[in-house]
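What follows is chain A paired twice: with chain B in the first complex and chain C in the second.
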Partner chain A sequence: MKNQLLLKNAGTMLVRVLFAVVAAFPIVFMLVSSLKPDQQIFGDMSSLAAFLPVGNISFDNYGAVFDRVPAARFLLNSVGVSAVTVILGIFVNSLCAFALSRMQVRGKKIVFTAILATLIVPFQTLALPLVWWVNQLPYFELNGFSLEFSKGWLDTYQVQIIPFIANAFSIYLFHQYFESIPKELDEAARIDGAGWFKIYRQVVMPLAGPATATVAILTFLPAWNSYLWPLMVVQSEELRPVMIGIQYFFQLNVSWGEVMAYASLITVPVVVLFIAFQRSFVNSIASSGVKG
Partner chain B sequence: MATAHLPTRPRVPAAAEAAIPPSNIRGNARRRPGFRRDQLTGWGMIAPAAVLLLAFIFIPAILGFGLAFTNARLISPRPVEFVGVDNFARLFTDPTFYRALLNVAYFTVVIVPVQSGLALVMALLINKKFRGVNFFRTVYFLPVVTSMVVVSLLWLFMYRKDGLVNEILSAVSFGLIDGPDWLGDPNTAMPAIIILSIWQAAGFHMIIWLAGLQGISGELYEAAQLDGTSRWQQFRYVTWPGLFHTRSLVLVTITIQALGLFDQISVMTQGGPMDSTTTIIYEAVQSGYRQQETSYASAISLVFFVLVLIVSAVQRYLTREKD
Partner chain C sequence: MNKKLTKVLATSIAAVALTSTLAACGKGSASSNEGSGEIALWTHNAGNPDELAAVQKIVDSYNGSQDKVKIKVQAFPQDSYNDSVVSAAAAGNLPCIVDIDGPNVPNWAWAGYLAPLELDTDLSKHLPSTVAEWDGQPYAVGYYDVALAMMARASDLEAAGVRVATMEQPWTKEEFQDALTKLKALGKWEHPLDLGTAGTGEWLPYAYSPFLQSFGGDLVNRDGFQSAEGALNGDEAVEWANWFRDLADQGFMARKSGKDSTQDFLNNKSAIVYTGSWAADKAQAALGDDLVVMPPVDLGEGPKIGGASWQWGVTSGCSNTEAAMDYLSYSLKPENIAAVAKATGAIPASEEAAAQTPSFAEGGANRIFMDFSREYAVMRPETPAYPFIATEYGKAVQDILNGADPKSTLDSAVKAIDANIKSNGGYKN
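Take a look at the complex of A and B:
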């Protein structure tokens, strides 16, 4: 009986390991190949060496990446765009959720329903009309001391940021979480003479850490990974994000070592960030009421 | 413990609790002096998000609907004119569009059961606490944090005739299997894309399943164990019914994601070979962006939206609560 149980547990563990191998092997292959010259990548392919950093290992491919594409600029653009989107997203969405959850605002039910209704519209259906629409929007630019007015948001930073700040799912996550924070706290603070904004900032938000972490990651990932949108709205090289840089590697002769180096370069920061926040992320998704 | 991963409920400081007045404040909300000011503050807090959603979701959605019936181009000196259903007439006589519909149907029909099933298996494997559970959760989720564009690029390399996938197939079959040129052959291109798509996204749905699993009370399992049920019976009569809401959520999100297939196609095959991997969104982007035909692309987007609505409605109906 005991042996049987032991065998069963060993079997389960084996399945777990099998899934882990399948999940990890392409990523390991990518990282390892980024350190090898092209010839060796192909030479190692038929043996386990494909997954081991052995042989002629160097960072040459990474050096070549920076020669071929303005990788530093792309990374900087992506970091900037993602960071601003995340920060503004957390602020705008939590503020909205706060009012909807904790204040007696007239008409808030209709507003909340309308916000949730936007979830059924996939971004892909909006993308093309949105390109046309942002091209009609006015745009002010402070140039020295004069305010310059022009039309069209194409080829700017804000076109990569502003449309993605407000997000119904983020509002929903904050709302769910705020509902679990006792309303009596607000009443107590109000008696102490605190205004609503102060309650938001000093009572509710400090308690909403897990929800904030989830929203931060769920905003960061699509911002960092965005491809379709910048492909359509950003033409200038100095404004492009990292994913678009991939196109540079298929001009002229393809060097797979360099491709793998660039792919690693734009993936590793996200993986490191994810591992750092892993616990709070997995836990808060698991608890954010994504139960339909 | 089943509840180990629920968030710690925010702690109420004892002092704050003591300060709660006994009177019923909320009841007189309307007559309270600051009522009007509270309304203004509340709307002020809602406004930024509401305005942004209006500007970047509602207006483009309505615009897209309208533009589909015009001849608008992205950049054009001509004024926009109403052209009736011309765009749709053109769309429904385009054989490539039907091919795209067929491809997306194929992709969706395979992805939905396989990906949700594998994701559930993964969630069950890491649901209970054991040594190294966090390691496995992290590894299973790694493909999800890797962007679909990077994943496509990586698999593009692995799917070559002399690539890693064929080398592995050859190694595990002792040289018997001579793998195809996956993406170069119209018969294997879509299956190849299906495999990498499942590989990338299953971890995300694993997390949603995990949320559902964590929500099932541990007492139910204890009771089932007392009744001497087998593992399978526990799954069948405790876990599966307990995942009712999670199930529809997983189903809907995978379906919508599958219908919108684009990134993989754009990086790996550009719709080829011989249109065997072209999709609705890929066609929309081709016409809307490359050929700058905003109106035609809007028409495709509108058809796509209607398709998503129909499929979601059918799924809702099929998975409705039967009482």
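Take a look at the complex of A and C:
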């Protein structure tokens, strides 16, 4: 009986390892190819050597990446834009969800339904009208000690951030999680003299860690992977995010080693973030009954 | 002041500070300040340091030659360049000077993005494929063109008993079939021919419509550009489609080649690669004297290649058109064109510039590409409908390669193209 159980466990483990290996292949290929010259990448393609750091291995491709693309600047831009989007997104969406979950406001169900309905509309259909709109918005900048007003948000950082702060799916996730937190806690806090904001800040949010982590990841990933929008609204090189950078490599003679090196550079932060939040992420997805 | 009010004030100040910080450090430098004598120039060369440096050098030279205006370069990655320009046009935020892929010029001119060129340069001295016209007027001019060719190893051809094709005597359809049969029989390659069938986008019409034209078909009827009926689905076009698919059916080429055909050829995964002048230096460095550059196959109407590469135009909304035209005229000096050709390995747009470019001067290693361009180049149809035609043709090529019936696939493409032209009022000016 014990042997049978051991055999079953070993079988399950083997299947898991096989799945893990298959899933890891593209990433291993990317990392390994980033260390090889182009000719070798293609030469190794038909053998297992494609996944092994063998042959003419060096970090030359990484050096070439920084020669071709201002990669450090792009990384910094993406980290900044993604971080601000995540922080403001958590704040704004959780506040909205809190109001919809806790406050007694007439018509809140209609509001919640309307918010959810926006999930149906794909971003691509809104992109062009949104470009027009953001170009009509007032813009101000500090020039010494005076504020100068002009029109249009194109070619700025905020145009990459502000349209993506409010997010229907994040509101939904927070709302579902808040619903699972007993309302008696609010009432107890209220008896102790707490206002709505204090209940939100000191009672509900500290209990909503998994939902916050999930929203953080689900906001971070599209912000980090953002391509179409910055392509449309950002013209200056110094403001571009990492995903635009990948296009720098697709010239008539593509250097695939450099492509792989750049792809490795921009993948690592995402993998690190996912590993850091993995437990909370899985917990929250499981508890909210949402399939990703 | 009570505690609550203090918090509200503190939060408001923090919010304003955050927004101000974003605003203060966030505005980019791409938007030109034309009022102060600055003109923006957009180019597709981000990630292409050699060509970008050559363009920047011309701009620096022009900026140093006068003090009325300053040209400011903003580079974009090539693959996403068109999207960036179209978005900027939608927002009314185009710069004064743009570069444009040649076949898109009529569409951009028709859409009102571009102004007709008024230059102090004699464009008749340029290769015809480097000047884009629409409605009888020039709208863009390029420093260079590129040319398609077939490359092989002389030693492989000799081993198979196949002669090297030349401009005087290109391969005929029958000779090409015979050459591929003999090369395949050597057993060195799974597919002896690589036509770059993994390519997408503009590669499909650029690379394969010349074969169609060599058969006698075309993408559209060029008389008025009002219909593709007969041109893209006539007997010659169907013959082309069958021939093209047979190359894959007979195992001469892969239905989907590797991602980088030139690299595969250099790694000896194919005997003949269909690529362009841009790959010549790399192939020459790798193969030396064993490399042979041959014209495309004569499929009936002579060898054909696609004409037109990246070109420069002035936008219709430019507030200082005179200065923009002045810059373009300056940039077209032979020495500037030669400098770009040296940096990129592309075919210089004029003979004067070629004479200053050793590899393209008479007897130069790459001179043959200039001859290909002059003798074989067919402009992609100069109509605003071209982007749509190109998309439909590209889809048809992929469907045919994957086994779709040639006649009905081409009929569908023609139907879609004609409907598009009709729904746009014939793309009349």
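Everything below uses one rule, namely that the second predicted complex is superposed on the first by the 265 of 292 C-alpha atoms of A that agree within 3 Å, B and C clash if a C-alpha of one lies under 4 Å from a C-alpha of the other, contacts with A are read in each partner's own complex, and residues count from 1 in each chain.
Heads up, the rule we're going with is that a residue touches a chain if its C-beta (ideal position, glycine included) is under 8 Å from a C-beta of that chain, and two chains touch if they have at least 3 such contacts.
Everything numeric in this text was worked out from a predicted model, so none of it was measured.
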{"item": "Room on chain A for both chain B and chain C (clash or fit)", "value": "clash"}
{"item": "First (chain B), second (chain C), both or neither touched by A:27", "value": "first"}
{"item": "Which superposed partner A:248 touches (first chain B, second chain C, both, neither)", "value": "second"}
{"item": "Chain B or chain C, by number of chain A residues touched", "value": "B"}
{"item": "Partner chain(s) touched by A:19 [first = chain B, second = chain C, both, neither]", "value": "first"}
{"item": "First (chain B), second (chain C), both or neither touched by A:132", "value": "both"}
{"item": "Contacts of A:256 with chain B and chain C, given as first, second, both or neither", "value": "both"}
{"item": "Chain B versus chain C as contact partner of A:165, first or second or both or neither", "value": "first"}
{"item": "Which superposed partner A:179 touches (first chain B, second chain C, both, neither)", "value": "neither"}
{"item": "Contacts of A:234 with chain B and chain C, given as first, second, both or neither", "value": "second"}
{"item": "Chain B clash site on chain C (candidates 62-70, 386-394 or 404-412)", "value": "386-394"}
{"item": "On chain A, the residue positions that both chain B and chain C contact, one per complex", "value": "42, 45, 128, 131-132, 135, 228, 231-232, 256"}
{"item": "List of chain C residues in touch with chain A within their complex", "value": "19-20, 22-31, 42, 46-49, 74-80, 83-84, 87-88, 90-93, 146, 258-260, 262-264, 266-267, 269, 276, 278-279, 282"}
{"item": "Interfacial residue positions of chain A with respect to chain C in the complex", "value": "38-39, 42-43, 45, 67-69, 84, 128, 131-132, 135, 139-142, 152, 154-158, 161, 228, 231-239, 244-245, 247-254, 256"}
{"item": "Chain B residues touching chain A - in the complex, by the definition given at the top", "value": "5-7, 9-10, 12, 16-17, 19-21, 25-26, 29, 38-39, 41-43, 45-46, 48-50, 52-53, 55-61, 63-64, 67, 72, 74-75, 121-122, 125-126, 134, 136-143, 145-151, 153-155, 157-158, 162-164, 167, 170-171, 199, 203, 207-208, 210-212, 214-215, 245-246, 248-249, 256, 259-260, 262-263, 266-267, 281, 284-285, 288-289, 294, 297-298, 301-302, 304-305, 308-309, 312"}
{"item": "Complex contact set, residues of chain A against chain B", "value": "12, 15-16, 19-20, 22-24, 26-27, 29-30, 42, 45-46, 50, 92-93, 95-96, 98-100, 103-106, 108, 111, 115, 118, 120-133, 135, 162-166, 168, 171, 177, 180-182, 184-185, 187-189, 191-192, 195-197, 200, 207-208, 210, 221, 224-225, 227-228, 231-232, 243, 246, 256, 259-260, 263, 266-267, 270-271, 274-275, 278-279, 282-288, 290-292"}
